[in-house]
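A, B, C, D, E and F label the chains in the order they appear, each numbered from 1.
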């Protein structure tokens, strides 16, 4: 398989196909135009500047196209960078489809779909199942494409559904170990908890927050969707049955400071909050640790309170 | 007019009609039953124990009945108390209607209704007006009875609508003074901001939080109602028009720590938040200051960060 | 089986055997002596005052003895209480052994021991296994008796080892679900993380903090024990291998504010912290929820940020 | 009217008169001198570098002079910038007076003075009026020139008096709506609350904090001035009358964390604090929103907790 | 010497002279009047209730009189209490002067005065010395009587001047150890830093906060006094010389949250803040530790963040 | 004596010997290599770039060598910088020893050693003295070389022992002024409190945190060392005697947020914490103030909550 962006070291010469993930026309202090480009493939990203650009190049190399880029890997202020010696658009005979260069969940969409189904069917409370099915049907397509975040954890195609699946798997373990947890409620809450992100985020490529996302947030978005769904389905959205489910999604950030308008006050809501945090933390740490060598610390992870994590020497990893 | 509860001093003998606001059967350390009663009228409240009660008395003197109570005002651990010498149910020939003894807003329901109308009519954006009218119609009756809180500010019959009206009046002043504020949005947001309290609280007498109130809170309750109303009215509840209105109600507590899932990010939302706080603060201070004499400090007010406020000497109040 | 303390309602007459868990000689405001007693069995606790006590009674009814107590259940300031009509020491022919009346872990000591063994054997790193075996041998007896806390979670005989086992079981699920977690390190850390509580707490009955417990805390106690054990075993306690294990125990409270001198900076340390919190939270919620009826909220749980939890109506618990 | 700085877009060529607001001699990494200039007029500011400067240019283009600058508008790291092609001093025949290029309050000094007068006259308490008149006379000139802050809200000529006037107008509305507010105290407090800024800040052009401003702050500065004024006027500065006024100014930041040595404990002090915050917030939001187009968010506003505010689509602004 | 309050144990009978420090008429739940008395002498305090009091007794036993009280020491809810068997006013032939029963500084007023003088004379900057002399002359009498606080540290006659002296002595050590500290500034700041307490507190007996104390606080009180003194002495109170001294007193609480309107920004101000905290902490700990036996913890000390301190076993105290 | 780095002003030409403290190969945006160098001597540091470097130069000018550098002092973004015109390695005939260019404690190693001795001998408790002697012997060499921090206070050769000595001297003053402080405990605690930094930091030149330093921190490192030392010496490390000493070192940061797993609960521990803070603060302020002229503020000091400190005009420093 061809070498990818993260396979190169400082000083290496390379010539690869990659997706232009960001392209900005900038001006040097002295007034010349250049293109500040970000190239990406499934292994990672690298920045590079194209100096003294022509209008044609500005036209060609926009976010979303696939190019062949050639140059040398260097570092600028501690960040890898490519000194571009040549760049051109990929032709139709070459691997030019953008989707080939995008990071994806570790399981395929079909695998995730298949793995989610039994959890939906395990919801025995009919109202909850009806609501879950209604909303999954409404948002299904987006749900399986959407990342779980703009940056941070699960910020890749399918990240949202994969994160949901991981929490459901953890939930299953917890239900088996501790008696007295309402399986239907925990599964229904887990399935819906982040579904509002299909509206909050603009999609898997060049992910941005939408206006409803910024002004309402995914927690109130999904709560509103539940109410509207109930109205459509003829269910009383302020009945205790629905109130329990709404509480699950409203409280899942755990703390008011993190955007939940109420704190968990159900056993299942508290469990969902813990498992959400656990899965997100593991994904972020694994992702960061995969980029460093034994004996090194990762970069500081903003979403984990700016901590950096240590990759122990190989002989410790038994 | 007959003297009321707050007209008496320590040591005074009195005999008044009052509402039983709370009645609890308790046992002394040594095992005898007694009734711990709270009496109230429009002037305030006073506690008193009825010792060695009979089963008939326990039966009779329940929360919500009007009684004639006779006794002496004393103090127990700094709180006024009545040493009961006699108590009996009010007869039908006496002022026995509970509603005579409940604190009320300074304006009548009709006055408040009349004063609110022009503000509703000043909403020129048709979607917002449609939603406001729909929800006021749905909750109208409760809206004009409900207190604005269980304790703290506007905790009296009609408190919710009176608080809403006060904010609207302040809004009008602000709109006149500062150009560029969207009058329709500010009025619509102010009218709806606390409407969820009609569901969150159990009503004006013996106010408690309901289960939906505890598990969801009035902010998400009204947001959910807006979504369901839109669904019913055929309005897209995630259109920018509706999103702006939802943002008004979701953000009105100002800070995540105070239960808003998003902070104000609209000029009108920030103004609403400030006016909500201003009106609530003034009401709490006025209420507390009305109970102390010049030269004294009020009790500590929990909802105002435990501060106590000073009533200056009368000759300072020019 | 005989009825136990929590089987009675207000007004019930009862006559049961129970352990005196606390006995304090007090004086009424007017100067008479009485005994403020707390009775307990495996179902719960109840307080009761013995008025006008004799010196003999003060002598007899001390903390740790088993008595037969007869009386009526009442409530005093919202707390259940017994109006004692008779109390006497249990005889040798009656169930007079204190250990019969103490709350215990849901699994027996042997079951816990048996369940822990495979986890110890799964530690493949020899230094860690050596240290774990050394310290379990040193503290073993206490480890299987000790509660995990003075109050709050797992505050019962065997609570410490049961809590440890629960975390190990959760760890196993997590390891199976996520690749790249060092199983040996996570198990070794989990086994030792709270072992310092054998020194921090005075034991399972009338649990108090010891002086070393108060002045050092269980986190530094176990870290110190690891260092001393290494010194004894000829292991360098500042080698990276041991440093990793020490980091696991030092960081397991997650935040400096909670008494960890360092925050988790290893994947396994972060996972241990989450699972520790998850298990403790579930235990506290389950315990509190078991004491309320459907439709009720629990008392506020101090260790869960003063939240109270809701027990949904029975028909929701499907 | 001539086009001003904020009337140009990226790529536009322009030639305008502007004030040099900041001029710094800098050295490139390779050692050449250049001038980093900031140009300003009543519409806004723009930065630009003058490369390879001569000593004469460094001499000429200092902060405070008016120049004619010609060049092209570009952007550098997201900030507008001018690529200077020519710059020269304005001549006496051209609009060369610095005061023509400075941002000013929306009302003229005379309008503000006229509008303030009735509020001073409405202070009926003679001691307060005497103190207010004394201090306004002492600081008058500066008071009507000074900005209300170095950056943030009302950071323009006359900002301090305009902010004071806005609060007085809001105060008047509040007094009309709520009975029991001491009008004299609220007006006197509002008039003096920020007067210490005349000493804290260096003036309207190139505003800096003075040494007394940094070491004492404007709150203690005005409190000290009140005491000294009383000493001069033969008034007891620790009498209750003066203490009330001092409390108004000392507490107006509301929280100790914001630099008030005491929190508001008078009804009027709490109201002043709220109105101060309200007016400052509105001014900051209006200023930021005036710089963005419908559908955009403003920059993050540091003084409003780093929030950015949304300018709704035009058709929402009805 | 006669035994004092703290010399008695539970169960002891005693008959002593003591000051009535607090006397409140209360009513039992059933309506009888009694006197809740607090007795004090130089060794400590003890509470006791006088049941079924006569009007004459209420008249006689008021705060500030000396009585002979007889009774038995008991405990009520963990606090020592006296079961009063007899109480009468002290006669003129007996030790009836209140000042005999008040806690005092460890050094006499004359010793403290003598020890302070050299520090005043060591102030070489003439303006600072002039201000210090002026204010010490104005408040001298009160300064040597006043406690340093209502409760907490140095809450005894002469506490304020003794605390000031202790800080000066620590200052001298610090000046000797570290070069570059301005001795005049540190001494002048230390002498004035708490002088505002002469106005903030009502005096040494039955210490209360005054109205100016509550509404302004001792920090602003002394700052205002400095300004007024300068006005009287013809010194510019906003000159840098005076600003430095004002900064010393304004910043001495160290943090805005603790009531300083500015944080220390002078070397000497930071040192003063540290020494103020150090002396207050030591005094509080010494006082609390003197009341417990070896092997015990003190009560929780509110002003030390609710910590309790351990008194090690005597043989550890070498 | 030859001029040193901090003796030059902007624009000065200079030619000096200096230590290369940092040397990084970087690439310009356009791809050319250059060396980003930091030069240092006992007066301070200065940065400079060597453009278009040869491989030989990259080889020669590494961190730790002494060079002669010639150039002109300029400023880049407010920081002093040297425009290098020539640089070469120092020869053996020139002052080429790195240790000549390193900042050192104000007293020599021998002076510090001599001054520490009496404090060790003043520890009368034999266990504490034994532990202190054991650990000083073990870490002695490093202890007298190590800085007290990577940056911030005492970040120079010998800083750790000098900081320890300063605290001991302050301790002595405090012990003399306040009775009842356990001299042995305070001295033993002060001597050991920061000794873990010999393991936490990599040494005096190019100071970095070690892996044990990052994962455990110096507080737990020294606590672990005490336990291991006790194990070796046959002392019970959980006896009260040792527990007191361990508490001293564990609690010396004062707050959990600052990394102490327990807060001070001994009089001596609280005193140690205060003196540690006092000495560190004074050192940081003195260092920063020595770099500014009268009338100026220092840079913001991160470790002092980002405050900057004012150097008063010379005529104020009497």
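To be clear about the criterion, contacts are C-beta pairs under 8 Å (C-beta built on N, C-alpha and C of every residue); 3 or more make two chains touch, one makes a residue touch a chain.
Chain labels with UniProt names: A, B, C, D, E, F = HD domain protein.
Being a predicted model, the structure only gives us computed values, none of them experimental.
Chains that touch both subunit D and subunit F: A, E. Taking the mean of C-alpha positions as each chain's centre, the chain lying farthest from the centre of subunit E is A.
Chain centre most remote from that of subunit F: B (centre = mean of CA atoms). Which listed pair repeats D-F comes down to matching contact pairs by residue number; over half match for A-D among A-D, D-E or A-C. In this assembly, the C-alpha centroid of subunit B lies 43 Å from the C-alpha centroid of subunit C. Centre-to-centre, using mean CA coordinates, subunit B is 60 Å away from subunit F. If you average the CA atoms of subunit B and of subunit D, the two centres end up 40 Å from each other.
For subunit A, the set of residues that touch two or more other chains comprises 211, 214-215, 240, 244, 265-266, 297, 310. The set of touching chain pairs reads A-B, A-C, A-D, A-F, B-C, B-D, B-E, C-E, C-F, D-E, D-F, E-F, using the touch definition from the header. Those residues of subunit F that touch subunit C in the complex are listed here as 199, 211-212, 214-217, 219-221, 223-228, 230-232, 237-238, 240, 243-244, 246-247, 250, 256-262, 265-266. The part of subunit C that touches subunit A in the complex is made up of residues 124-125, 166, 169-170, 173-174, 177-178, 180, 182, 184-185, 240-241, 244, 263-267, 270-271, 274-275, 277-278, 281-282, 285-286, 289, 297, 304-305, 307-310, 312-313, 316-318.
If you check the complex, the residues on subunit B that touch subunit C are 26-27, 29-31, 211, 214-215.
Of all residues in subunit E, those touching subunit C in their complex are 49, 51, 72, 74-77, 81, 83, 297, 310.
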